[in-house]
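Letters A, B, C and D mark the chains in the order given here, with residues in each chain numbered from 1 onward.
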Amino acid sequence: MQHTRRMLNPLLTGLRNLPARGATTTTAAAPAKVEKTVNTVTILGRVGADPQLRGSQEHPVVTFSVATHTNYKYENGDWAQRTDWHRVVVFKPNLRDTVLEYLKKGQRTMVQGKITYGEITDQQGNQKTSTSIIADDVLFFRDANN
Amino acid sequence: MQHTRRMLNPLLTGLRNLPARGATTTTAAAPAKVEKTVNTVTILGRVGADPQLRGSQEHPVVTFSVATHTNYKYENGDWAQRTDWHRVVVFKPNLRDTVLEYLKKGQRTMVQGKITYGEITDQQGNQKTSTSIIADDVLFFRDANN
Amino acid sequence: MQHTRRMLNPLLTGLRNLPARGATTTTAAAPAKVEKTVNTVTILGRVGADPQLRGSQEHPVVTFSVATHTNYKYENGDWAQRTDWHRVVVFKPNLRDTVLEYLKKGQRTMVQGKITYGEITDQQGNQKTSTSIIADDVLFFRDANN
Amino acid sequence: MQHTRRMLNPLLTGLRNLPARGATTTTAAAPAKVEKTVNTVTILGRVGADPQLRGSQEHPVVTFSVATHTNYKYENGDWAQRTDWHRVVVFKPNLRDTVLEYLKKGQRTMVQGKITYGEITDQQGNQKTSTSIIADDVLFFRDANN
């Protein structure tokens, strides 16, 4: 039985996974045969705030943000320095608990994972598209204090 | 003179770069010294539609979409197959022209670049956050027809 | 009981894994706790010859070579074009069989994996250091004939 | 005039670049048009010894080694833990000087670059194949002492 789960995608509970600009999810007893694709991301930067536990009891997810900086040179010689804040989500059980316990605000970290797009409802009840990096691995560098 | 360009970020014209959840841009004669970070993405998949030329005469940008698929296994044994549509933007002059001329809908392509977040105004005039992959390189595989 | 297997490392049979310049292997009931490291490679290029089945009945391994090209500019304005031949080894059972059956000489392919160093004995019985890319995934592009 | 430089490849002086199993280099006024390939490596681990300055006055190169660890599980349940020592070479002028001055033995570092194969002559005058990672970027994490 194959059907599109319009509302809650149990695995991505934190994202309240309605089909969004970025993603459609179909569910079946076995994954349909599709051509191989690649979706890999590596970010390395400072953590914005202590990680948060979200989602539900059955489907907990830990989220945190990481900042990266990019320098651009304008034709007029000026430089632009852009800071991008990435939203990281961790579903893998052991990795999730380790991140929640040990990763701290200001710490330098490296995340390897994949990009996914979904929709979240903000405090005012508005539907907003959201982009997350689902972590396959998270590396810690010296904790923030030293 | 360092100031935040609230409205138009000449380089990312296509994104109408207001400071968004994901990015703040400051401009100066030379980039402020910041700690090195990493922001690298590799996606490989099929092109959603023929690339489009956007932006302005002075700051043209070519955009196209690429689909990637990910299989997830639920605890109950069901499989979820998720298709994510990535928005790719190309600023590099030569790369931009090559993509516009030769990349076609349905073609398989690989994009190496970085993630950036901005805001775009949709047809209804609503501010929407947008995520783009700024391409450093684009590889073509067999054109879509054969 | 922890001991160094000087001679044959069953998993990497094809490399006759004597401790080499590049690698020392220790074996134990559980892996010793070590600091996380990263060793990821992505190569994309043409296959040099049809893949070969090597190793033993218990530990088969499939190997093939892939060529990549790099352009260098000398100070005097000349360009150097360098072709590097990478040696790929595939241990993963399903991936191994698929590569052996379907990947052909001249075909374009992408390999994601990690670098490892070992020693092999050439036809003249000399010990030679060897570098291999252990494939985690192999993507196929159009077969070589069309 | 296109010819194969059998002996010294000025840019890769440190490798005494004879055509080796892994590489052939041709030189010309402009690089021959070849199909795009990909050759990207990311390693992250501890530095083996303080970086060394090699090559010649005109073509200096800085080299250092980095260790990465991989865990393998045998069919009999035993674990193998493999340490691979990677040889990194840095040609980029600024990056080269920064690495030589600030990178220290025992420090954790991340290198992004490409793999290349060459031949070096050891102290006994024997020709040996060598694998190096040519660094495009090197990130430093906390110096080794704290």
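Just so we're on the same page, a contact is a pair of C-beta atoms (placed from the backbone, for glycine too) under 8 Å apart; a residue touches a chain by one contact, two chains touch by 3 or more.
The structure presented is a predicted model; accordingly, all values stated were derived computationally and were not measured.
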{"item": "Duplicate of the B-C contact set - from C-D, A-D or A-B, the pair where over half of the pairs recur", "value": "A-D"}
{"item": "Cα-centroid distance, chain A relative to chain B, in whole angstrom", "value": "17"}
{"item": "Mean-CA-position distance for chain D and chain B (Å)", "value": "32"}
{"item": "Two or more partner chains touched - positions in chain A", "value": "38, 40, 42, 44, 108, 110, 139"}
{"item": "Pairwise touch network: line, ring, star, complete, or other", "value": "complete"}
{"item": "Chain C to chain A touching residues, read off their complex", "value": "36, 38, 40, 110, 112, 137, 139-140"}
{"item": "Complex interface listing, chain C residues touching chain B", "value": "42, 44, 108, 110, 139, 141-142, 146"}
{"item": "Touching residues (chain side chain A, partner chain B) in the complex", "value": "5, 9-11, 21-32, 34-35, 37-46, 67-72, 74, 77-86, 108, 110, 114-117, 128-131"}
